[in-house]
Amino acid sequence: MNVLILGVAFFLLVNVVAGLVRVWRGPTALDRMLASQLFGTTGTAILLLLAEGLSNPALRDVALVFALLAPIATVVFVRRWPLSSSANGGSFHEHE
Amino acid sequence: MPVTHADACLVWPIVAPLATALAAFVLGGRWSTRLGVAVVPIVVAATAVVTWRVWHHGPQTYSLGNWPAPLGIELHADGLSCAMLLMSACIGAVVSVYSVGYFEGSTTASRGQPQKDTGAQFWPLWLMLWSALHALFLSADIFNLYVTLELLTLAAIGLVVLTGTRAAVEAALRYLLAALAGSLLYLAGVALMYGAHGTLDIASLGRSVTADASLQAALLLMMVGLMLKTALFPLHFWLPPAHGSAPAPVSALLSGLVVKGSFYILLRLWFDVFPQEFTRPLTLLPAVLGAAAILWGSMQALVADRLKMLVAYSTVAQLGYLFLVFGLARPGSDTGFAAWSAVVLFALSHACAKGALFLAAGTILHVAGHDRIRDLPAVSRRLPTTFFAIGVASVGLMGLPPTAAFVAKWTLLRVALGGGHIGLAVVIVLGGLLAAAYLFRVLAAAFTQPGVVDTNVSYRKVPRWMEYSTLGLALVSLLLGLASYPVIELLRIGSPWSPPIVQEAAP
Amino acid sequence: MTPTLNYALTGVVLFSVGLSGLFFCAHLLRKILSVNMAGSGVFLVFVALARRQPDVPPDPVPQALVLTGIVVAVSATAVALALFRRLTHEPAEEPHG
Amino acid sequence: MDSSLAWFDAILTLTLVVVALRVLFAQDLFQAIVLFIVFGLLLSLAWCRLGAVDVALAEAAIGAGLTGALFLNTLATTRRHGDQAPPAETIDRKGAWVDDKLPTLRPRPSTPWTGRLAFGLVAGSVTAWMAAVVVPLAVSSDAPRIAIDEAMLRSGVTNPVTAVLLNFRAYDTLLEVAVLMLAVLTVSSLTAGSARVSKALPSGPVLTSFVRLILPVVVMVAVYVLWSGTKAPGGAFQAAALLGAGGVLLLVTDTQSPSCARYLRRVLLVAGLAVFLLVGLGGMLGAGRFLEYPPAWAGVLITLVETVLTVSIALVLVMLFVGTSPTGAEGSARASDETPGATPLVSRERTS
């Protein structure tokens, strides 16, 4: 059972790595921000799996905090960058 | 029946200014000045009590929370801590008195600054800085020292930006980044030492450390970090702008006290924790850099065109002397103690003289609106007391005979010659001559007839206390020379050289 | 490779990368980011070394020290960012809104 | 099981390093900051793997949540109003630390290859040198540590990390709260002179109702984290970071800026440190020592200190966020409050 749980956790981590590509390539700020949102969700899931797999229930609290705080950066983002400019390549001096 | 432990006196130099800082912040306005002045006698008395106890009863240790050392944090006071505390109390008291006048005059939006009550912001920051210094000088725990270092840095940053000028903000950011790099290097050393030895207490580390690779790495990391924080050449780049653009009382505090904090930690670790076989191969590095600092800083001071920058570069030079201790003081030898105590004495003397010089420069800036050295003659007529103070402080900085700096340099010279360090001896002498050269640039102003008195320049009135407190501090630097014998005796208490001497005295 | 070794080595790399970034990166924001990463590296070394014996619970002291360190780091970061903000907004703007 | 965990660790640490490098070298600053937030999340996973759940909580709340928000906020300030030109990397050719030019418009490579080479050499050699020291430490079976088991019985709490933080090494924590205070003093003195008002972005109904929905949950979880801190991972800092993050949410959505009198705000700011100091001094009564708690009272006193600290630190964190905000008062044309120590964002009072 544990092997399965930890295997799934590992798989989710690989997902995070795949999501990093979107942060890396962009091209717009919105893409990057949304991709980082994915990590909040996936991180929560990883933590819940780890809590089971390592039988450390305290990790669930961390998952809770993850889930609650992941939106903070996004909310700050949407409040600070008007959507119009972030959607049309409002990234910071890309070369392309 | 005492209500508390007698060694509880160690707590008060830390807690009194901290608690007052909180009250000053909450009440604000005029109250912050009143509280700031009111706490001065309390802090001075507290440090005096600590010194008195150490003098009569030997080194004092106080377990905070009643948890003894490896588990809890201990405060520890020996002769070195007491000397540093006295220095901090003395300069802090003078700067507090000076600041009352200084910030009263500068609350208005006079020089294009946004109007804000700088005084009300100054006091909480300064009191916290004072508390942080005392916490640092009394701490016996390497992680706690890290926290006090950060406290000290952030308080210093807050004080530097009080003027709000662009130059100050830029200098503060540079200072902050350098300081953060320094404390991270130090913290990395702490991590290695805890990982290897499982304790953070200086005394237990001193007993348990063995010469191994991790300790050597820790020593190097901590050394580089603390040298960066003490602005040892060539890591001094952040100091002149920060010290030159801060308000005058703040510059006095930074040059006189704050840089001594990180130097103190290095001094303590070097002689109390690290075994000799590690420090010996490294002795030349800080000493050579110190010598380079003396020459480079003096050269820069010679060509500076503003008085405050001259004084700031002079600090870079004088800090070089402090680092000679690592080359000259050998643990276990009698000349070792002589060199070690001479350097500490030099630090005390430098703190007073340099503090006085910065305060004087601040008065000139306050009165004339500028501190250009070539225009000083026009100002000197208006501020005879201040220029007299500059003269006295200069004597202290150059190290002319009655001063403590003279005693210190003389001892260092003797040890250097005795140990065959001819190069260092030459630099010690040369540094004194260079100091005389750049300080005479300023002193000449006092004796030069002002060419054309510019009637367009409006001079501001200066509160008397600013001038008198500056002169007082300058005189302390002069009189310290007469008191150098008791200071050296105080330093002997609990120093790395004291145990054999105590054993000799016992039978 | 034990987890301790793995994470301690990562801490070392992060510390070196952050420290080098502090000196080599030109932009101030990146310097501030670098300091934060170097700090995380040190913390990682601290906590990884606290977990060397797998059969006993990890040493709580370094964890407490790291918690203190994180709070100190966020304070210093906030001050650095406020200074940076002041630099980018200075001085043309009128001081009063 | 061990093998999948080993893979997990390997991928996690490798990603950490790659992300760290990319934070330094991504040409786009926004990307660097987003990656920094991701770095915080990954680091939080690493703390969990190392069994440092208290640290993981703090990292998730402070490291990834608040610090990321601080950076994003600051980056937003480098864009001026109506100025769509993004801030470019400013290069200093003379090796100066501070480039005082405003960001240039012309995109240019962030680091020339010589710079990268020097970077690589320095980072590589420091890594090699330190690794040579850390590896023997990490593999040694002899792991000296401070013995706390016996003292735990008298500490008043059962979570060892809380015991170290608020009892055995409470003095560190006291000074650390002072560090936070100093940060607020400095940041608010920087804000005081230059705060400006910008046009606010309209807040849509989705955001508003999201914040209304999530805020009570944040407060509840903060109380839970604080309350459980004495016996399980959690405590004042983690709870305060949560509350502070909630405050930041409230601020940036401008629904209702919490307001309180300047005087009350100051009292709340120092309350944590003041109560801590008073409890510490109280320990000196009756032949005790500074910061000594009578064993019977230790649990109560620690809870008291932690509760007040939570409120103060949360306020501190919100005010630090305010200090990096692009404008004085967010979300309304409110005149900025120029008095020192007052932060326009949290205050309703008008001075002009």
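A, B, C and D label the chains in the order they appear, each numbered from 1.
By definition in this document, a contact is a pair of C-beta atoms (placed from the backbone, for glycine too) under 8 Å apart; a residue touches a chain by one contact, two chains touch by 3 or more.
Given the structure is predicted, the values throughout are model-derived calculations rather than measurements.
J.: Which chains, taken as a pair, are joined by the highest number of C-beta contacts?
T.: C-D
J.: Centroid of chain B to centroid of chain D, CA atoms only: how many Å?
T.: Once rounded, the distance between the two centres reads 31 Å.
J.: How many angstrom between the C-alpha centroids of chain C and chain B?
T.: 28
J.: Can you compute the centre-to-centre distance for chain A and chain C, using the mean CA position of each chain? Integer Å is fine.
T.: Whole-Å distance between the two chain centres: 20.
J.: By residue number and range, which residues of chain A touch two or more other chains?
T.: Nothing qualifies.
J.: Considering chain C alone, which of its residues make contact with at least two other chains?
T.: In chain C, residues 15, 18-19, 23, 28, 31-32, 45, 49, 61, 65, 68, 72, 75-76, 79, 83-84, 86-87, 90, 95-96 touch at least two other chains, as defined above.
J.: If a residue has to touch 2 or more other chains to count, which residues of chain B qualify?
T.: 114-115, 143, 147, 150, 154, 157-158, 161, 166, 169-170, 173, 177, 188, 192, 195, 200
J.: For this structure, give each pair of chains that are touching.
T.: Those chain pairs satisfying the definition are A-D, B-C, B-D, C-D.
J.: Spell out the residues on chain C that touch chain D in their complex, using ranges where they run on.
T.: Of all residues in chain C, those touching chain D are 1-21, 23-34, 36-37, 40, 43-45, 47-53, 57-61, 63-68, 70-72, 74-79, 81-90, 93, 95-97.
J.: Residues of chain D touching chain B in their complex?
T.: Residues of chain D touching chain B: 97-98, 100, 129-130, 132-134, 136-137, 143-148, 151, 167-172, 175-176, 178-179, 181-183, 185-186, 189-190, 192-194, 263, 266-267, 269-270, 273-274, 277, 280-281, 283-293, 338-341.
J.: In the complex formed with chain B, which residues of chain C make contact?
T.: Going through chain C, the ones touching chain B are 15, 18-19, 22-23, 28, 31-32, 35, 38-39, 42, 45-46, 49, 61-62, 65, 68-69, 72, 75-76, 79-80, 83-84, 86-87, 90-91, 95-96.
J.: Going by the contact rule at the top, pick out the chain B residues touching chain C in the complex.
T.: Going by the criterion above, the answer is residues 114-115, 143, 147, 150, 153-154, 157-158, 161, 166, 169-170, 172-173, 176-177, 180-181, 184-185, 187-188, 191-192, 194-195, 200.
J.: Would you tell me which residues of chain A are touching chain D in their complex?
T.: 2-3, 6-7, 9-10, 13-14, 16-17, 20, 23-24, 26, 29, 32-33, 35-36, 39-40, 43, 46-47, 50, 53, 56, 58-59, 61-62, 64-66, 68-69, 71-73, 75-82, 85, 90-95
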